[in-house]
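First subunit A sits with subunit B, and in the next complex the same chain sits with subunit C.
Moving on, here comes the complex of A and B:
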């Protein structure tokens, strides 16, 4: 624990020996390409494959009508909504899958795709989510019996009446309307699969880019069990994944079509989408319209918050939340502050946009929640003329008040918010910066300082509340130590770059005394790994990491028994130090873990089960609540609106740290994925539902030039309930960074009466806002 | 329609039949089975497919295989030698310059040319120098460090500390 050992997995990646889905090339493998809709909403009048089928190499064109014969033209979403695999008569969003072309090589498949003639009858789409709720709006989901509007669900939490009363009587009430933009995970590897159905053995091997292979196997069996693909006949293999970030949790139509085709023709079928398809059709993230309000006193005491959300889910609710949480963990949005009155409500709507939204590096809508609370907290500070750092210090939940019950029902496990912000303020030189800012303001120069002090909620989750399609959100570890003291450990999670091969080995090494380099970590093959719910929402360390520690402790208990037998003493006479048991008071009488393991196979106590293996399925008693204090400093050019991030200091608290190098790396990466929506990224649609920036030429993923030099540090407040006191960390920076940046920019503009700008805050937005305030 | 081309890849000569429209990246990946070179986009924006063509870093998704006829190509698979890892490979490993590894081969090949032209680049020169290669995981801090580390090693200087500044 606490050692920055270099990553075990890097040896293959730096030598080009990573093994990703598109690297798989099987004998006889066919290639699939997908015809997509140019319209956001249209009737399909006809699909003519005649010309496509004349192209050498093209062997089939599959449509919704073909899949309908097997009842495979639709599928359930993880939120118990329904989604077309291929349409039979209507397309609901631009870039929707319309037909699949199967060919002997990728070029022929692409030629075939260009040659398929589809006749559409375009209809007027519903794009604006507010207009979708208009009684006059056309009802989009006519496939749902009895559906009379575009409303999907209503959700609420907290005390509506008490909050109403508080807000009507409060000294100070502030309110802002915010949009958390529709964005895309844009992992550098797109999604894809090779579906390999073996007719003789009635067995499907599905190589695919998935963050949750076991859950996917269950879903495949549920959807295709009726054609013989029952769960024992399906093997899902998730090889190396080129970034996931939540975008590789859902089941996309392409996967299902590839399976169906492989099943029908008995040959392997590869589908790998290109980047434009990935951006335009795969699940988006965010797209919450939030009305945020805060009530408090003139001297700065926060008394309550109220959030009203409109969630644009596109054509279907294809979010990937725990089933009982339609807005995910948005209810963490009461933040890091000590008050007890809150009310939140959300309504979700259908529009003619791609379905979603996935939890993009986010424990299910936490990013939206944190943006709302941290922005409105700054707004409140501005309203009463108080420094936003001072306001936060005044309102933080105190270290001694944990575990702390939030007004929306969570029990925060631990935290020391004052220490985090203090450390961040010292690191950035907060007082000096405020002085510099005051000087600059006198000269009319624009400089801003923004703070975000967020509380995260990760590690879903305890089985009493958390499931996906009924399956509880536990996770697992299986450790097999071989006679020579070397081990293989397998997990229900799946790394997409997080470094599990290193950190899981470190946890086991810490608990068992076997060197990490002697522990081989494997994930992603449902035939060999124990069942688990996968890697997303920063859940791997809180769940599978905990399972690793508990399984290793089971083995240590067994080791004690074997050591007592070998040393001919009672178990109570033994003491453990990493790597060996020794007799109390006689340290020379000892047995190393390697000797003990060897004895487990060669000289074990009679009556004890032979071998040295353990498995644990961990059901977390609570979620973990990491936190962070981020401070951003920006300089803005008044003439052009250009924003320069001068400094960004991030202090994270994720409890005990297994590998500081990896934690820091996660923070760096998450911060860049935080600056992205804050300043650059948004999927933009016109009123006809055309995407305006559906390629990497115009969807602005930050390069090394846009990404500032991140300054990072940490505090440690261990989780009291996690076996090694750790919390998740991967998503904290993605969640915490956007409001810090937005707050800094708004702070810079605040002398002109600007109180809010929606992200992404571009130079044009800044320039325009200043001009609207009369700046020449 | 197929044309015969001869290319040298990592010092090994290959004579191949290719379609005139076939992209170099597909020939490298699917015909030569050197799958370290990756495809991350369709607009020459991401740089995951970066290789060296006659020593110059290019995006192999935007070059036709026939354009490489008679030329020398270097891919990530050719970086390490019998003596061990290339200093850049070592730099990336020692400085945690990669997470998922998908952009890494392209990033490495771009950095090879960068250091060749500028053996001692500043942080800013490195950031601009790799601006044609996207990484979604690392936030770039450690990629910059990795290239600085490799630069020092190739100049025969003491390499900077690889301990994370994370206190």
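Moving on, here comes the complex of A and C:
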């Protein structure tokens, strides 16, 4: 624990020897490409495959009508909505799958795609989510019997009446309308699969880019059990993954079509999206329109918050939230502050856009919540003329008040928010920066300082509250120690770059005293790994990491018994230090873990079960609540609107740290994915539903060039309920960075009366906002 | 990202290339660095039936001063321009420009000739070449002809290069003493096309009067644009703030940008004005040093 050992998996990654879905080649493998809709909303009048089938190598063109014969043209979403696999009548968004071309090679498949002639009858789409609720708006989901509008669900939490009363009586009320833009995870590896159905044995092996292989196996069995693919006949293998970020949690139509085709023709079928398909059709993230309000006193006491959300889900609710949480964990949005009155409500609507709502490096809508609370907190500070750092210090929940009950029902496990912000302010030189800013303002120069002090909620979850399609959100570890003292450990999670092979090995090493390099970690094969819910929402360390610690402790208990037997003393006479048991007061009388393990197979106490193996399924008693204090400094070019992030200090508190280097790497990557929506990324649609930036030429993923020098640091407040006191860190920076940047930019522009700008805040947006305020 | 099928040849001489052009006419495209053409083919925006790869043809890659010109072979890579001694010493504008073109991987392959012959007003070299009053050498089986850069661009993806011809060299008049040049473009992120870009070259006499001004604009007009009125207000004058301001204003007025995701027309005109002024000042600074 606490050691920056090099990542075990990097040996293969840096040599280009990773093994990804697209590296899989099977004998007789066919290739699939997908015809996609040029329209956002249209009736399909006809699909003519004649020309495509004439191309050498093209063997079939599959349409929704073909799948309908097997009742496979629709599938359930994780939110119990329904999604088309292939349409029979109507396309609902631009780039939706329309037909699949199957060919003996990838080139023929692509040429075939070009040759399929589809006749459409375009209809006027619903793009603006606010207009989706107009009574005269066309009802999009006519497939749902009796559906009379585009409303999906309403959700609320907190005390509406008490909040209303508070707001009507409060000294100060501030309000801003904000949009958390529709963005895309844009992982460097796109999605894909090889579906390999063995007709003789009625067995499907599904190699695919999934963050949750076991859950997928169950979903396949639930969807295709009626054609014989019951769960024991399905093996899901998730090989190396080039970035997931939540985008590889859903089941995409392409996977299902590949399975259906392989099932019908009895040959392996490979499908790998290209970049544009990935960006245009796979699940989006965010897209919340939020009206945020805060009430407080003139001297800066926060008394309450009220958030109203309109959620644009596209044509189906294909979010990847725990079943009982349509807005995920948005209700963490009361933030790090000590007040007890809050109300939040959300309405979700259908529009003619791609489905989704995935938890992009975010524990289910936490990014949206944190943006709302951190922006409106700054707005409140601005309104009463108080320094935003001072205002936060004044309102933080105190260290001694944990566990703390939030007004929306969460029990924060632990935190020390004052220490985090103090450390960040010292690191950045806050007082000096404010003085510099005052000087610059006198000269008309634009400099801004932005703070974000967020509370995260991760590690889903306690099974009493959290499930996905009814499956409880536990996770698992299985440790097998071989007679020679080397081990293999398998998990229900799936790394997509997070470094599980190293982190888990370190946890086991810490608990059992076997060196991390002697522990082989495996994930992603449902035939070998214990059942688990997968990796997303920063849940791996809180759940599977905990399972590893508990399973290792089971083995340590067994080791104590064996050591007592070998040393002929009672168990109580033994003391443990990592790597060996020794007799109290006689440290020379000792047995190493390796000796003990060998004895477990060769000389075990009679009556004890042979072998040295343990499995644990960990059901956390609560979520964990990491936190952070981020400070961003920007300089803005008044003439061009260009924004330079001069400094960015990130102090994270993720509890006890297993591998500081991996944590730092996670924070660096997460911060870069934080500046992404803050300054660069947004999926933009015109009024006809055409995506205007469906390639990396215009969908601006920031690179190392755009990244400032990240200055990172930590405070350590262990989780009291986690076996090793860890909290999870993967998404904290993605969640915490956008409001720090937005607050800094708005702070820079505040002398001109600008109180809010929606992210992404681009030079053009800044320039326009300044001109609207009369700046020449 | 798979192009339509095409045939391919890699001739070893210009004569061979000309005869292939003769044979395939409009259906053929010249492949140099490929960093504009290949993406277009992969997106199936372009589907040429025949690619003539000129990378094996000797004599098309050079950077040298000769006969009063800086001569740049059409196959010269952007990266070579960045490192050439003569460029570093006398033509800092090329360093300004190349470091803003895409990323190092692209610059290792992308060629100067291709950047110009593509005929895209969003590319950076056209504006630079306009500021420097370059001449373009175009070759065919009949021989060589030289076209001033002002007469080179006809329209979107259309240039003076005819189907039987190949752009082989760019010639830039060696500037006199007290010359300074500079280029900058605003981009949304590294590798982006310009929101607006401005190239400036100025020559001053000993008294500081401007004797030459060249100003080219990137991506704010359907074809690469020379800001002629802006040049005129500078030449023959001492360059005070008022003149520079006027040059910026004229450039902003004379371009014809279209609104897109990078910004609306007003923003782009404003950026042309800001950048023109900044680049004039930078060129003056360089001319004086």
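Just so it is clear, the second predicted complex is superposed on the first by the 776 of 776 C-alpha atoms of A that agree within 3 Å, B and C clash if a C-alpha of one lies under 4 Å from a C-alpha of the other, contacts with A are read in each partner's own complex, and residues count from 1 in each chain.
We adopt the following convention: a residue touches a chain if its C-beta (ideal position, glycine included) is under 8 Å from a C-beta of that chain, and two chains touch if they have at least 3 such contacts.
Quantities reported herein were computed from a predicted structural model and do not represent experimental measurements.
**Q** Check whether subunit B or subunit C contacts more residues of subunit A in the superposed model.
**A** Subunit A has more residues touched by B than by the other partner.
**Q** For A:639, select first, second, both or neither according to whether it touches subunit B, subunit C, the two together, or no partner.
**A** Second partner only.
**Q** Check whether A:768 is in contact with subunit B, with subunit C, with both or with neither, and answer first, second, both or neither.
**A** second
**Q** In the superposed arrangement, does A:274 touch subunit B (first), subunit C (second), both or neither?
**A** both
**Q** Just subunit B (first), just subunit C (second), both, or neither: which does A:437 touch?
**A** The answer is neither, since A:437 touches no partner chain.
**Q** Identify the partner contact of A:680: answer first if only subunit B is touched, second if only subunit C is, both if each is, neither if none is.
**A** Touch status of A:680: second partner only.
**Q** Output check: A:705 vs subunit B and subunit C. Expected answer is one of first, second, both, neither. What do you get?
**A** both
**Q** Could you tell me if A:106 is touching subunit B, subunit C, both of them or neither one (first, second, both, neither)?
**A** After superposition on chain A, A:106 lies in contact with both partners, subunit B and subunit C.
**Q** Return first, second, both or neither, reflecting whether A:662 touches subunit B, subunit C, both chains, or no partner chain.
**A** Touch partner of A:662: subunit B, not subunit C.
**Q** On the A-aligned overlay, A:245 touches which partner chain: subunit B = first, subunit C = second, or both, or neither?
**A** first
**Q** State which residues of subunit A lie in both footprints, the one left by subunit B and the one left by subunit C.
**A** In the superposed arrangement, which is not itself an observed complex, subunit A uses residues 106-107, 274-276, 695, 697, 701, 703, 705 for both subunit B and subunit C.
**Q** In the complex of these two chains, what residues of subunit A are touching subunit C?
**A** Result: residues 106-107, 110-111, 114, 274-276, 639-640, 642, 680, 684, 692-693, 695, 697-698, 700-703, 705-706, 762-764, 767-768 of subunit A touch subunit C.
**Q** Report the residues of subunit C in contact with subunit A in the complex, numbered from low to high.
**A** 1-2, 4-5, 43-44, 186, 188-193, 195, 261-264, 267, 270-271, 274
**Q** Would you tell me which residues of subunit A are touching subunit B in their complex?
**A** Its residues touching subunit B are 4, 6-7, 9-20, 22-23, 25, 106-107, 185-190, 240-245, 274-276, 496-499, 660-673, 695-697, 701, 703-705, 707, 709-710, 712-714.
**Q** Can you tell me which positions in subunit B touch subunit A when the two form their complex?
**A** Against subunit A, the touching part of subunit B is residues 19, 21-22, 26, 29-30, 33-43, 45-46, 48, 75-77, 79-80, 85, 89, 92-94, 96, 98-105, 108, 123, 126-128, 130-144, 163-167.
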